[in-house]
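Common to both upcoming complexes is chain A, partnered first by chain B, then by chain C.
Up next, the complex of A and B:
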């Protein structure tokens, strides 16, 4: 590694630390969210530098993109005082998010919570540092995974590990997403997921962009899914793109969920977890282990499972956002749709 | 260094100049609209020049088309983001939008 690369990496590490600190200590929660998005993009860059483009893609899509949207939207919904819709309008201002900060610091248990969180984070950091020190130079199970690659059904080692050798992990990850969605469903009800008032039109330019981008997003999702066989890509990245298409369509005011019957939405949400389960159990019949695909069909099964998982992840991601934006029954107060109401006055 | 490499260096450096200028503009310009102006110039021209620079390094037509697609998408997203921010700033308070010193 040459000195220039060293300097760049050092700069990146410093940038990440500064962004993390800024995200924690920013004056307004709105600024924290923005710093967090920048931190996510910095992390994606760091993963690229570590030659892990799979993780970088996921980090950029989920850590910076999706989480950023969810954070900003949560802030918009939850920083609003529960009573009085007149004041609510002003509170969508980014600067007024400070009310939320003030409430948190006045909370009696806040100090204890913060200390506890610091202790937990320090403990985790210690464990992680120990783990890194103990990895050694061998690179863990890299060689073993590469040796087994031939029978995995795919050519890309990361996909082979995630969907075949350690398919259990991915199955449970999809399960965790499903559980989170169930939690949202419990809190908001089915209406929160599918109903709620659809937002007003965000203006001609944005709706033109969204109409043009949606097919491209779906196409890119399919491309990433297909690419996962031999190159960085896969179900999570594709799923987030599908979810992003749904979020954009909802922002543009297309009544997306109205076109799908509740049965379809439920099917979409459970498809990924269910497909994993079906193929996992089917592997037991000829006497194999759970999720141990027959070598001959492994490639096809992985593609099928990944497609189902991507669809479910897309639906789940969309459900997170749909619940937030319908929470107060007035999703039209979204930043980019608000001015259109003012213009028509 | 052959001709393609020289062209890459020239175009990428020119792109970097635009990005630098855009960043300085973002930090130094007084109000939202001129900041947006500076930022979108950096996005459009800076990225465009860097894409042109990288085209001289790509070995297949598919890679070139992908690079151009990235540029077009960034153009569309950038101009829309600019439009959305500008419209929001104007609707929120026209006075603040042009006189604001610190966001």
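Up next, the complex of A and C:
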């Protein structure tokens, strides 16, 4: 490794630390959000330097692309007058506590929260350091996975591990996303996804942008999905891009899911988890293990499962956003009666 | 040639560090958002340079994902700013 690469890696590490610190300790939540978006970008670069382009791709799609929009929209929905932070604090959900610490230093509970967060972070750091020390230089199961690659149905080792060797994990990950979505909608109702605002007429620039960008997003999603077979890509990244296309249409006042029947929306949300389950159980019939695909069909099954998972992830991601963006218009909700001002500047 | 790409990458990372001033100082939310966009653009340039320097063509796809998603943030911001203007008395 030449000295320039060392310099770059050191610089990236320092930048990440500064960005993380600023994201936690910025004056306003809006600043925190911007720093967090930048932190996502820095993380993507760090994964690149660690020779993990798959993770960098996921970080680019989720960390830097999607989360920024979700954070900005959350800020809009949960923003409160800057002077009454102590009082308004009680109205926010406990899950919001992490992001709220930047502005609520006067609140007595903030200190305890911060201590708890510090303790949890320190504990996790200790566990991770022990893990790093234990791994050593052997490289774990890399060789074993590479040896089995031929029968996996795909050429890219990461996809082979995620969708075939450890398909169980990915299946449950899709399940976790589904649960998160259910949680949001149990708390907030179904209306954000199936109903939606009356479409405002988007301006000429925005409608031009949507016409150009929406097909591009879908096309890129399909490209990444197909690419997953032989190179970094795959269902999660593709799903986020599909969700992003939905978010774009929603932002412009075309609530896509409002045109689908509730049954279709539910089908979209459950398709990924269900397809995994169907193929997993089907593998049991000839006497195989759960999610053990037959070698001959493995490639096709993986593509099918990935497509279904991508569609579901897209719907789920869109559902997160649709829930947030449905929360400004309805006066029945308690949170929404507050004046909507961003607390930056 | 690799050292050249690496040196350019370091320069761009330093650029990101320098532009953090604008996020802190602002003065308006729009300035801060533009900085986030600048981070994104610089990040894409860094990724493309690293794709050459590290001989990892997959990084170009990472750039593509960044590029197609970057505009979402701006639209979200503009829509928020617009709705704020219209709801204000």
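Operating definition for what follows: the second predicted complex is superposed on the first by the 297 of 345 C-alpha atoms of A that agree within 3 Å, B and C clash if a C-alpha of one lies under 4 Å from a C-alpha of the other, contacts with A are read in each partner's own complex, and residues count from 1 in each chain.
In this section, contacts are C-beta pairs under 8 Å (C-beta built on N, C-alpha and C of every residue); 3 or more make two chains touch, one makes a residue touch a chain.
Since the structure is predicted, the reported quantities are computational estimates derived from the model, not experimental observations.
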Per-residue contact with chain A, leading partner among chain C and chain B: C
Touching partner for A:248 - first (chain B), second (chain C), both, neither: second
Which superposed partner A:44 touches (first chain B, second chain C, both, neither): second
First (chain B), second (chain C), both or neither touched by A:206: both
Common interface positions of chain A, toward chain B and toward chain C: 206, 209, 213, 216, 342
In the complex with chain C, residue positions of chain A that touch it: 2, 4-5, 7-8, 11-12, 15, 18-19, 22, 26, 30-31, 34-35, 37-38, 41-42, 44-45, 48-49, 51, 53, 56-57, 60-61, 64-66, 68-69, 72-73, 76, 206, 209, 213, 216-217, 220, 224, 227, 231-233, 237, 241, 244, 247-248, 251-252, 328, 340-342, 344-345
Footprint of chain A on chain B - complex, ascending: 73, 76-77, 79-80, 83-84, 87-88, 90-92
Interfacial residue positions of chain A with respect to chain B in the complex: 93, 202-203, 205-206, 209, 212-213, 216, 335-336, 338-339, 342-343
Interfacial residue positions of chain C with respect to chain A in the complex: 2-3, 6-7, 9-10, 13-14, 16-17, 20, 23-24, 26-29, 32-33, 35-36, 39-40, 43, 46-47, 50, 54, 56, 58-59, 61-62, 64-66, 68-73, 75-77, 79-80, 83-84, 87
